[in-house]
Amino acid sequence: MDNVIATGLIGISLGSQYALLALGFTLIFGILGVVNFAHGGFYVMGGYVAYYCSVVLGLPFPVAVLAAAIATAALGWLFETIILERVIEDHQATLMVTMGFYLVMATAILLLFGPESPEFSFPITGVWRAGGAYVPYANMVVIGVCLAAIVSVYWLIYRSGIGRAMRAMAEDRAVASALGMRTRALFPFAFALATGLAGLTGALVTPILALAPHVGDPVLAFSFLTVILGGLGSVAGATVAAFIVGMVEAYAAVYLGGSKGALALFVLVLLILVVRPQGLLGREVRRA
Amino acid sequence: MSAHPTHPDALRADSMSKAFGGLKVFHDVSFTLPPAGLLGVIGPNGAGKTTMINIMSGRLPLSSGRVLLGNARIDGRPVYANAAQGLVRSFQHTATFAGASVGDNLTAALRFAKRDRSVLERLAPLLDRFGLIECWGRHAEVLPYGLQKMLGLTMALATQPKMLLLDEPAAGLEKSERANIDAYVGFAQREFGCGILLVEHDMDLIRRLCPQVIVLDGGRLIAAGPPGEVLSRKDVIDAYLGGADEEDCDAQHS
Amino acid sequence: MSEEAAITRLPQARRPGLLGGYEWATLCVVGLAFAVPVLTRNPQILSQTNLILIAATASLGVYIMLRMDLMSFAVPAFMATGGYTVALLSLRLGVTDAILLGVAAFVMPALCAIPLGWLILRLKGVYFVLVTFVLTEIVQLLLFEATPLTGGSNGLVGMPAVTLFGIELMDNSQVLLTTAGLAFAGFAITALFTRSFRYEFAAIEKNDVLAESLGLACWRYKALAFSVAAGVSGLAGFALVNMLLTAHPTSFAPMSSVTYITYTIVGGKGAILGTLAGAALLVTATDLFALKGELSPGLFGLLIIVVTLLARGGLIGLAAKAVGRLRRASPGAPARVAPITAVPARGMKS
């Protein structure tokens, strides 16, 4: 029983990380209509910026994490304004440029830091025990930060003026423009917010899991998974899906071993597409 | 509302309702278009007319109610299935294939509707009148708006439909070009025995062509009958108060 | 309505050729590949030509779907299906005839693509991107996990040489001939397929809502194209496995899907010649500049961005524009009437 609970706690920990990643990805997809192929790149970048700040520059870890989030948000903002904005109406083109950008980012990181995994570990070690269940302090911090970030993002999107504007833009860009909302300024903001979230997650998670130039690759597959499961453009759906994925992965890793968890998830996705293609909370998906 | 005797091959809307989330687009709309009949649909902007065509052609699902073609229920069926049954719609904004010539556009229409070239030959007088034969080899997207519009309409006709749903065919046309719509509608009814649902803002056109008209306002059907009668009703005029159509009517009378 | 008694004549319908200009040109170029092993024994050149042909054929899987504005990441998955099918047939069942294996390499992925196509091609286009990407990841995982069948992380090693009419095709030149044969088949199939359905594909790409409202069941054509694309990718997988004499998961890595897309986009997604041009250019460039494997993704990324922002039609598109400018005759001449070609254009797409 303790094993079940312990695994469940790992699942929640994973789920919160995934939720933060999924949130950023779904934000961009829902509001800009863009499949951000570079999402994993910002995640890795966040990890390396945090590593650089805390290990090479010797700054305290929270500062490093903040720096990572700001750096990725800034890069995201620049990318959106300079490159993405030019092709934003064209779905295929946006996929292409984000894809190209991811390749450039991954190669740049490789050139700057080399292919080996740097020494980067979470500053807080130790484990919290209660009965037979245990959770590493690191994971608890991550869960805490992630939940705080998720709540803030929700507040921003659902309760603030900017959030309302972004949601209006997601519904109908043309109408939102006509109503005077400054779509030109909001897109970079939304993009930067999402990439900042990815960077934040990278900064927090890579010291626990792994930091290397290629760790961004699986992020994309997993982001796609949560989007399909949760429903395209549904922020709430993506969050729920992320936790489901976290749980499935945790239990599969413990009880099935190997990559069976990933396989199980993929099969689940295919099933969903047959039975309920709009995902958990998505809207109509037959071609409009 | 006036009742048409329900002919086996009629297009019938039965208590159609559509809502997007909380937004009600139209509610409890019912009417019948008999085969080879001609029914006008008017109403101020935002009354849900284009959505109605989208639903009847199969592009959007109904929230409740039914659409029937003859005895078969067609709401929920995919667009291409309805088109294969002879229910075809036109588009308000130009709907042609860019990068292809006029000839290729029409060939594509024939091909997709599985018709042979003889249909095109029957359409030849109409194509000539609209000026499409002269620009047979020119790409559709470089044609003037009026020509593109007529090309789109003729492509719909090339499918040899039984029921045509026309979404504001005269929109954007010069006053001098509007007579083409009369010719188009006349041809469709005469040569193909086509039933036509005509959504329009041009009241003169409606008055000229449609023996029957229904009025949608705020998503509800508020009037039905011959245009002369319906257009002089107070509630219909009120629905349009302040609308561009008043200016339109005035401009055309002056 | 006009009352004239004269019958209005429609312009004559032109009989379109079996294949278009680009298709014939491409088949000729691929045909030239058969001459390479005759002309030279240089292993470098043989190997390079082999790689280019494999890359170009695989990229056809991307090209076919791009004709309908669908971005496929599934090429490595179907290459793996074709390659492993061939490996299993030759290792476990002793089948070595090149033609039989070639048919199997095409048919197996094409069949697998049918249920997938049915599942995802009736949904919004973006689902296609998401699911094909995830699919390639699944297949990679399966290849590693299903050890009894696929040999797991060792792969399937020690394949016997392929034979044609009893002759073993063993050395470098003969392997290149096999690849050339498979590439030619792949290109020929693609050319015939895209040419026969050029109206449908162009219509689906340009305005699928209109096509559907005229009666075209778009999703069926998409599904059919998906199957054909899968089959052609399978042929490339066969060629790859044959060149290496091994079927290994790393040959079909998920990120290689990006590489094949790059070849197609940079070469030019508007014409079948594009995949050949892109593959030839990029495979040669990576080799010529002695770029280590790690740097080429960055270069590819830059190229993709540049092409997408500045030259949507890729190399072939640029060349076509240049030729068009040179050819420009008197103003007012009617546009060259090619049956609806997917003209690469910037800007609005629904």
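Labels for the chains are A, B and C, by order of writing; each one numbers its residues from 1.
Going forward, a contact is a pair of C-beta atoms (placed from the backbone, for glycine too) under 8 Å apart; a residue touches a chain by one contact, two chains touch by 3 or more.
Note that the structure is a prediction, hence the values are computed from the model and not measured.
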item	value
Chain centroid nearest the full-protein CA centroid	C
Chain of greatest Cα-centre distance to chain A	B
Between chain C and chain B, distance of the C-alpha-averaged centres to the nearest whole Å	41
CA centroid of chain A to CA centroid of chain C, Å	32
Distance from the mean Cα position of chain B to that of chain A, given in whole angstrom	47
Residues of chain A engaged with two or more neighbouring chains	288
Overlap residues in chain C, where contacts from two or more other chains coincide	none
Chain B: positions in contact with at least two other chains	59
Chain C-touching residues of chain B, taken from the complex the two chains share	57, 59, 78-81, 83-84, 88-89, 91, 95-101, 103-104, 107-109, 111-114, 117, 120-121, 124-125, 127-129, 133, 135-139, 142, 155-156, 159, 183, 186-187
Residues of chain A touching chain C in the complex	35, 83, 86-87, 89-93, 95-97, 99-108, 110-111, 115, 217, 220-221, 224-225, 227-228, 232, 258-260, 262-263, 266, 269-270, 273-274, 277, 285-288
Chain A partner contacts - residues on chain C that touch it in the complex	69, 71, 119-120, 122-127, 129-131, 133-134, 137-138, 141-142, 144-145, 208, 254-255, 258, 261, 265, 294-295, 297-305, 307-309, 312, 346-349
Chain B partner contacts - residues on chain C that touch it in the complex	1-2, 7-11, 13, 199-200, 202-203, 206-207, 209-218, 334-335, 337, 339-343, 345
